[in-house]
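Common to both upcoming complexes is chain A, partnered first by chain B, then by chain C.
And now, the complex of A and B:
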């Protein structure tokens, strides 16, 4: 990888037929975007299979122990692509939102992937830094690196952006049955939309008769103060605008070891305490059993129902 | 005329507790026993005891199970209500002490804080994967020292100069305790130091960010420990209330919940279940890469329940034909 001339790298790039995308981090930060873009450029795209217990176990074996669960899972998803593709797309993510920065771990991903998987596949990368570079420019750069024609890149980028918009608006707000509890579920998109991690929580809430909606990241604007981290800032912005009349509770799905969450969770608590909307944080890690999650969710829902009944009998 | 009895079963990691109340919530019978290796066997023997004591005078009219074994035992005994242990414990504490604002519940592997305002649970927290600061650790230390749990409790309470023990982690606490004993500290002082460390650990981890207001109720198996009670008083400067039935509050709460649930016809499977061979077996589902373990409950040769699995598709499915899948 190191010391290769620009033209040599280009020639190598040209040969790629199949490109892999790990079903982790970037896959959830930009749903459908990169997949569609690469496919529209004429490449065969292989996305690693959905996270399963096997992925979690494999992540534990090959990943650095100090990483958070989503980064560990990303390693396992990369490993799964080994032997299936010529190259894997791992962007350097510095920011996904104007005025904000991404978790610093995401900026090191291509280097980590090259260090760990240099024998398995080539790593195609591009810098995503929406604080400075528009997303379209990053896509154009990637297209150029893949030696695509300018007109093809433009068309692919348009289709990719539209696919992302569709994917982000797919989960429309649920219809409110009268008297039902309505929860917002917050967390980084790669925790919230990885069905292996969040599925049991949504399933349990459903059995408890709660309508739960994951926070949307389709909004590309958020006030940069006081939270500098992109996804956290979108969440904080949403919490500040949350109407206590419409929302009965918030569940925060955090991952063990997450540096950003450890700082912002206090802010989430403070803003919701003022609004008197109960918040519960569930910490995801590879050891957590379903039992603890069930018990906490049941007790949380019980407590909210009782508070409502109590308030009703008083009036 | 038979009295209607409501059965509460709290099946935790260390103990199985049983309480039977009448329709007014008065306790007719209570037992606390160690689970040992089998929660089902411990429930069977607790039920036999209850039957022997109460005889034919009480008719079970409703059952509620709670604790980490609540779903398993709920299926075994036929529970009308299955309730999480946080709600069950709070229910009992609020029933006995309506003015309570904070509930500490320390059990075998769990420790919890529940905040109550105006008789309603408003917030709670539970320890994470680590069992530091719970009953299991006191158990293992008592075994190491060759003393019983009641001994540990009394000796700690007699301490005049508690030693400082590092309580952040039980592994470190143990090495620290051994260090203190080797440097000549009295056992009472070390034990009281341990109680202080456990309570500090509980307050700084589980209760972090929670507003602890009096009256405080302390319950769960560990609330029997005099050293722990003393440590709470000394550190919090609030004397915790030890409720009547402090050891079995989860089961008591469950029984009260059953009594108020408006059960018309209980699905309780009868005391007879104590006399039958009931066991569990499991198999690995290979339908997807999650390879979940599915647990089956067999009552006298008949499959009565299946559970486990992330997708929950096995839940409630008792068609014996599925057994063929396990041979795959």
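And now, the complex of A and C:
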């Protein structure tokens, strides 16, 4: 029984020259980390091109119809890498935060990638379960599977981790002109940092004169109650600590058919209702029309502005 | 004496067994073996838009119970990765918002003495008696179901098996004590043997796999077992509570359907349990292919997190091992007519495959 597992692990140890990383899910959950790590190990890393309308359309054609949008996009990004690389890196993400669990869909990703793209490329995978094993150990395991030397792995891991820290803190500091509205934009990192999905929202908010800040995932601590899903828990923690004096509104970027958001969005609503901060949920899907999003944002901003002016005249 | 009432989440025919099991707590059980359109409507109205059908239905049941003045409810307490973990918390919140006064107890993973038992505090004697009663009833229902699936496919007059089944369930509900249930269990073969059958027919064998709530709730799955049975298909619903109980309590670790056996089967295709019944679905699909079943129907609520995430894997197994897998999702808009047409088409495909293979 145990021998079998070992031989299966051994089979995976092979030399690859070019490794692809899909610009989806894990790419945004660990910004710059895996890219830097694999490059430092001496591999040529190909990251699929940024999401475009074409990617979204292709995703609708090849992916399982009932997946949520980010997983569909991940499939399209994988398909784009086919023919360009020897192998693709798709980790098994079970948890990205201590005491938490990841969305169950992320756990089955390497199996699905193997099932769908077995003819196109090999799938390199490693288990990321930060609830049980530290990230460094997962990286060491991956390095071992790629036949790298221990010293190389350690050096690469250090550089990769520091690259991730800079990428997470690098976001431009929010300029706070007096009298402007401040919005927090929440959502899974793969929705929030995919420029194709969230870009139009941030641009529109800027033209409306609103200072919008995406929620940061650089903190590695959160209370796993009542939300056990990692990214949702970080957001929930942030919302609990939000100061109503400082923030005028929250925009929740959710994706269609997201199982986590279907449950936690009611919790977000409750927290913010208590604090009297308005919340709007925008659901992204592959048919999203820009006009619809614009109108809703305009209406949301207008109503908040009016409320503030009203409050100001009364005082 | 005015006994408090306890609402139990719907578990298909197993609701009968669960109802019997809580009688030891000196409460009146409130349960339905089947959802009604009214309950579904209540649940859909109250639930978040994108929550799964299982959540909507269980919520609907609790709201209906609360409207009828039930004070307590009991709901599974999951520690898994899927949305089931949050059901109880969210349902309690939804009920409170609507001004209902129904407290939902969590069942399982709460220490040796769950809050439900602590609250009603039955004597040890009562508790054990009812545990045995419930276990026996669950096993009896398993046996009834299995008999019905095989008989329905070959019955001469359509509807005979369903009639026998309904009488049997009514009789089982009347059986209260362990000896009574045991006596009833002995009559099962005789009950089903009286149905006239086509002895020469070799029906298609189709496995029903997937999410438990939908598999067991004949209203939600549009009566899929009976529809397939009527088309001359022998079904096997892979959610049997007796087996599931054994897995939950880790008894029968080495049995064919034990957790480790299933994990070994699924290993080449799925390296993680994912959550829910995803691993079970994959493992049983592999086994059905190995055992030469005619087809597999994968049943899940629309957007079910674990089940949907393994669908590409199921498709791969279907290709590799040459077994037709039909995936169907259910939501509150699923119509019976559409379902029947699709099942008829699937059964036609399976019949064609048999003919081509010269069987």
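We take it that the second predicted complex is superposed on the first by the 299 of 315 C-alpha atoms of A that agree within 3 Å, B and C clash if a C-alpha of one lies under 4 Å from a C-alpha of the other, contacts with A are read in each partner's own complex, and residues count from 1 in each chain.
Basically, a contact is a pair of C-beta atoms (placed from the backbone, for glycine too) under 8 Å apart; a residue touches a chain by one contact, two chains touch by 3 or more.
Quick caveat: nothing in here was measured; it's all calculated off a predicted structure.
Superimposing the complexes on chain A yields a three-chain arrangement in which chain B and chain C fit side by side.
In the superposition on chain A, A:274 makes contact with neither chain B nor chain C.
Here the apex is the CA centre of chain A, and the angle it makes with the centres of chain B and chain C after alignment on chain A is 80°, in steps of 10.
By the touch criterion defined above, A:206 lies against neither chain B nor chain C after alignment on the C-alpha atoms of chain A.
In the overlay built on the shared chain, the residue A:306 is in contact with chain B alone; chain C does not reach it. By the touch criterion defined above, A:287 lies against chain B but remains apart from chain C after alignment on the C-alpha atoms of chain A. Contacts of A:296 after superposition on the shared chain: chain B is touched, whereas chain C is not.
Of the two partner chains placed by the overlay, only chain B lies in contact with A:53; chain C stays clear of it. With chain A used as the common frame, chain B approaches chain C to a shortest CA-CA distance of 6 Å.
Interface residues of chain B facing chain A in the complex, by the touch rule stated above, are 68, 83-87, 118-124, 126, 128-129, 209, 288-292, 310, 312. On chain A, the positions that touch chain B within their shared complex are 49, 52-55, 196, 199-200, 203, 269, 278, 283, 285, 287-288, 290-292, 294-296, 298-300, 302-303, 306-307, 310. On the chain A side of its complex with chain C, the touching residues are 64, 66-67, 71, 92, 94, 101-105, 107-108, 110-112, 114-116, 118, 226, 228, 256-259, 261-263, 265-266, 270.
In the complex of the two chains, the chain C residues touching chain A come out as 48-52, 81-83, 85-86, 89-90, 93, 269-272, 274-276, 278, 302-306, 308-313, 315-316, 329.
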